[in-house]
């Protein structure tokens, strides 16, 4: 557990530093497309993925860099993808919203809200059928629970007891719209109960709590008890996308959540039980900064895909 | 109430006789298309519609004749529609699966499972906005609760407190598949609770109970308290469609439900409190038989639509 | 050896062979345990059990999404959507997931799945159970589209579709489902993307698929008997990828083409075929490529209206006569 | 009087006029209370309140279904779907409900609603936020489809769409959203179904809509300057109903046509336009109608790949040069 927590801390810091730099690069217009960063929610991806085996599956959302890093994707190929370079995880075809690494069980960030719920359910069906013991986690925002896909997936996964975990990142907002304005129950665990699926509400900024809840869910899923809904309460520190004017929320609210920043909380815990002294802590941050710098250089120096290859693998199809 | 119950009885009998004849006509190959009859479920449509104002809305399903009759559609134009005649409620364009009469607030039978949930929700939105005091009821089978549309409608109607009633006809089967094999909760009221919507389980073969529950739901909807989910437990006496081999259920089960036939139950009640003596009862049945006979004659004698009019109202669009 | 069996049975044989050969093949859909309207799934549940024959809730979106998720993690699902209209409830999963994942993830994964749906009119099934929507799939890169007319092709093409690494939409016209034809025994594939010349002729090329290939044979017989016009009938079998070579070889000889489908003419896949023929053979055409298809309204219930909207062999005959009568004018 | 305002603002004015004039007009969509990406809903919530500016859950299917339900009970909803890819999650409601109800219920009801969606590529938005899907709507009877290029047209066509009794799909290309143009003040309609000749010319007709009409103007200038080719540029504005008269009148003069859209060529609406032109004017054409559009793959993220797949003015120039070079051969 101690080793786990140090590694968890390192991954959370790497996400934080990566996303900070991504935000900067986007504002400097070095990154094409648009970018949704994960800053503030690191405990969710890292806590859940720490409960998984390497061959387990995850699906992700438009806000997917954190999930990718937590599942083991290297920062260099991730950054190269955000640049649209041939060395990126999707060879530049996907970009920020579609980072994926199937070799690591990361079945892709997805630009369609709640789509991952369906894909993970299918992956769970597949794992159960193959008897592989794998589980599939879908990360999705609380905005996704009102989409028909979530419903069809939740019912089907529950009725067939599929090894699926619905990891709902309840960061209170879907774009500019507060959760309570669009969702008919305040407590999403109640929504889960409507499917006969256990629904567990977790402090999503407490990585130890997340890890615990996820481990229970994983155990249930692997043991044949079917899916669990994790209602992970968290907050995005930045806007919906980089550049968002954020008129829909108050500074007070943001500040209150900044105080619950999952990284200092974990660091306080690790300091209190002497797992991580402040020197080691600083090393983690500076290592992460170096790693991100190198990822950036790797991305910068990598070539763009060859336009002549735009139809590669498709021309034979028509 | 007494007058109500006599009129309710009459409508239930008219549906029963109409559907019996429709089944016969279909087997005699007089009706094109395919036909799903409502026999056995009469208490649901009639009980719910008895709680409505004439200007309230209903939406219906592939099994829609009963809903149409309960909302006031005449048997002659209904039968003519089933024949595909120009005098039909939809001028022969819709047929059995698409009977509709917008003048009576009957917004149509619909061949897409759960589609009516969405349309009724829109009608409720419209009524609320216009301040008309109308409510909108969607009738749908229990098979529809697993469709994404039901979910999106239920959440939206609840969050906006729309005057909508989700009248789920839980007849245990969707085509050949038993409810429990596809639905993750046995008690659909629990599914409703997942939306924060009151869910009421009702004996759907007891028309007085249905009327009572529907009246409560209507009152809530009109009063601004939003939607109610009615879990109306019932049974279809026939197959899914006329011609179904019915291998998926046992004679025992069918017989047990035949004993709970809603019409004899209502008749027993009406006899016991002297509302309807056996002479009056027999008159109701023979009147219904006459009316259906006339409807059949009307349909038989009506002309088919003119093939030259197939594109009427559309040619100017392209 | 071959024998006469129905289209539905032919596809059932393809399913049986595929499932026996490859345990990655599963089938998923509503009520499939009960055998399907054309017997196309009969006995599969008994032979392969509920793990491989997955009876689904009425939830078209998750049928497709779960198939995609299973396909990218090692299985080869065959998803049954019954009526093609119901695929509209899974269009997001078809267009934005099944068709896209391979491309948007940079070719690191394929999505080997088959989507089976029945389309077309059959005895007044009305607007929500009669339509033909292949044009909506054929436009989307990454989807292959198959629409056979003959039971033997259906068996071989379904086998090829299941073996293919990309998502294939497999459309089965309701009028054909119970039609019988000669079908070879044993396991075989008919390659995707190859049209078949059903009848040779030198006067005009009729390009058709699915039920219209059957109407086309009847029209061709009538044109030969009554008008001494020899139709070359090309049964496309696969819509995407389009076998433009076979079509062009034929039209180069006949200099005239009629393209037929049961779907609406306007914006239908026939427009693509007509445009391609014209692009390739403009200078060689004696007449404009002419299209036969449904008239632009939703399929009505009433039998005389249905007949007025949906084309049959008479409409093909008329179109051929018009095309054959046309002599290109000097500019 | 007119002034320069953006496409987004022009549509906002149309919304304001429509909502002030007719209280049956409501607007419904995700995050619309916040004004929309191109300012197309700015201030509506303040002016008209949450009863008429309905902020929705992320539930595309109910956005459309509720609009249909409201439309058949007396309202005139404008549904905002933001990116056109998200309409796929409501395709069932669009195809099987909005487009069908009038027909399948025998004309006893109309479905007056507008579906607004933004399409097309804009700076590497990748495969799920870049595509153009008009062909999927244009094929379906009962749907009208509008895709303007000029802010003034956008304002007038949106007004006409809202006033129309049938469902109208109103497509707004993302690259145009913030482009400015001369827009008349006050309330007016541009009738549905009428193309506009943006530039007269006698050598070749370029038929385009949405962003391709803008690329077309640039291509036309370049062709005039560098090649002395005079393009007649027809901006369709409305796709369905198709203004074939205006197209045919032009092509009858020029004898040559290039049809352009940002959507994929294969199975795109350009195939329909090309087929129609050829059917009507076969004997008068000097060259095959040629199509310009996206190449058959999903829109890639990486800028050089995106450019390689999506056509701009250069592709139009090339196509025109090819078409102009063609002389019809004797048969």
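Lettered A, B, C and D in written order, each chain numbered from 1.
Heads up, the rule we're going with is that a residue touches a chain if its C-beta (ideal position, glycine included) is under 8 Å from a C-beta of that chain, and two chains touch if they have at least 3 such contacts.
Please read these numbers as outputs of a predicted model, since none were measured by experiment.
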Inset, instruction - Could you pull out the chain whose C-alpha mean position is farthest off from that of subunit D? - result: B
Legend entry - Approximate Å spacing (C-alpha centroids) for the pair subunit B, subunit C: 36
Legend entry - Whole-Å separation of chain centres (CA-atom averages), subunit C against subunit D: 30
Legend entry - Cα-centroid distance, subunit B relative to subunit D, in whole angstrom: 40
Legend entry - Residues within subunit D bordering two or more other chains: 56-57, 59, 61, 85-86, 89, 92, 96, 103-104, 126-128, 141-142, 240, 266, 296-297, 300-301
Inset, instruction - Could you list which residues of subunit B touch at least two other chains? - result: 90, 92-94, 98, 110-112, 146-149, 152, 155-156, 159, 181-183, 314, 317-318
Inset, instruction - Using the contact definition from the top, classify how the chains connect: line, ring, star, complete or other. - result: complete
Inset, instruction - Report the residues of subunit D in contact with subunit C in the complex, numbered from low to high. - result: 85-86, 88-89, 91-92, 94-96, 99-100, 103-104, 126-128, 133, 135-136, 138-139, 141-142, 240, 255, 263-264, 266-272, 274-275, 278-279, 282-291, 296-298, 300-301, 326, 328-329, 331
Legend entry - subunit B-facing residues of subunit A, complex: 146-152, 154-156, 158-159, 181-185, 190-197
Inset, instruction - Note which residues of subunit A are touching subunit C in the complex, please. - result: 57, 59, 88-94, 98, 100-103, 107-108, 110-112, 115, 117-130, 136, 148-149, 152-153, 155-156, 159-160, 312-314, 316-318
Inset, instruction - Can you check the complex and tell me which residues of subunit D touch subunit A? - result: 30-31, 33-34, 55-61, 85-86, 89, 123-129, 266, 295-297, 300-305, 307-309
Legend entry - Complex interface listing, subunit A residues touching subunit D: 32-34, 84-86, 90, 92-98, 110-114, 143-144, 146-149, 174-177, 181-183, 247-248, 304-311, 314, 317-318
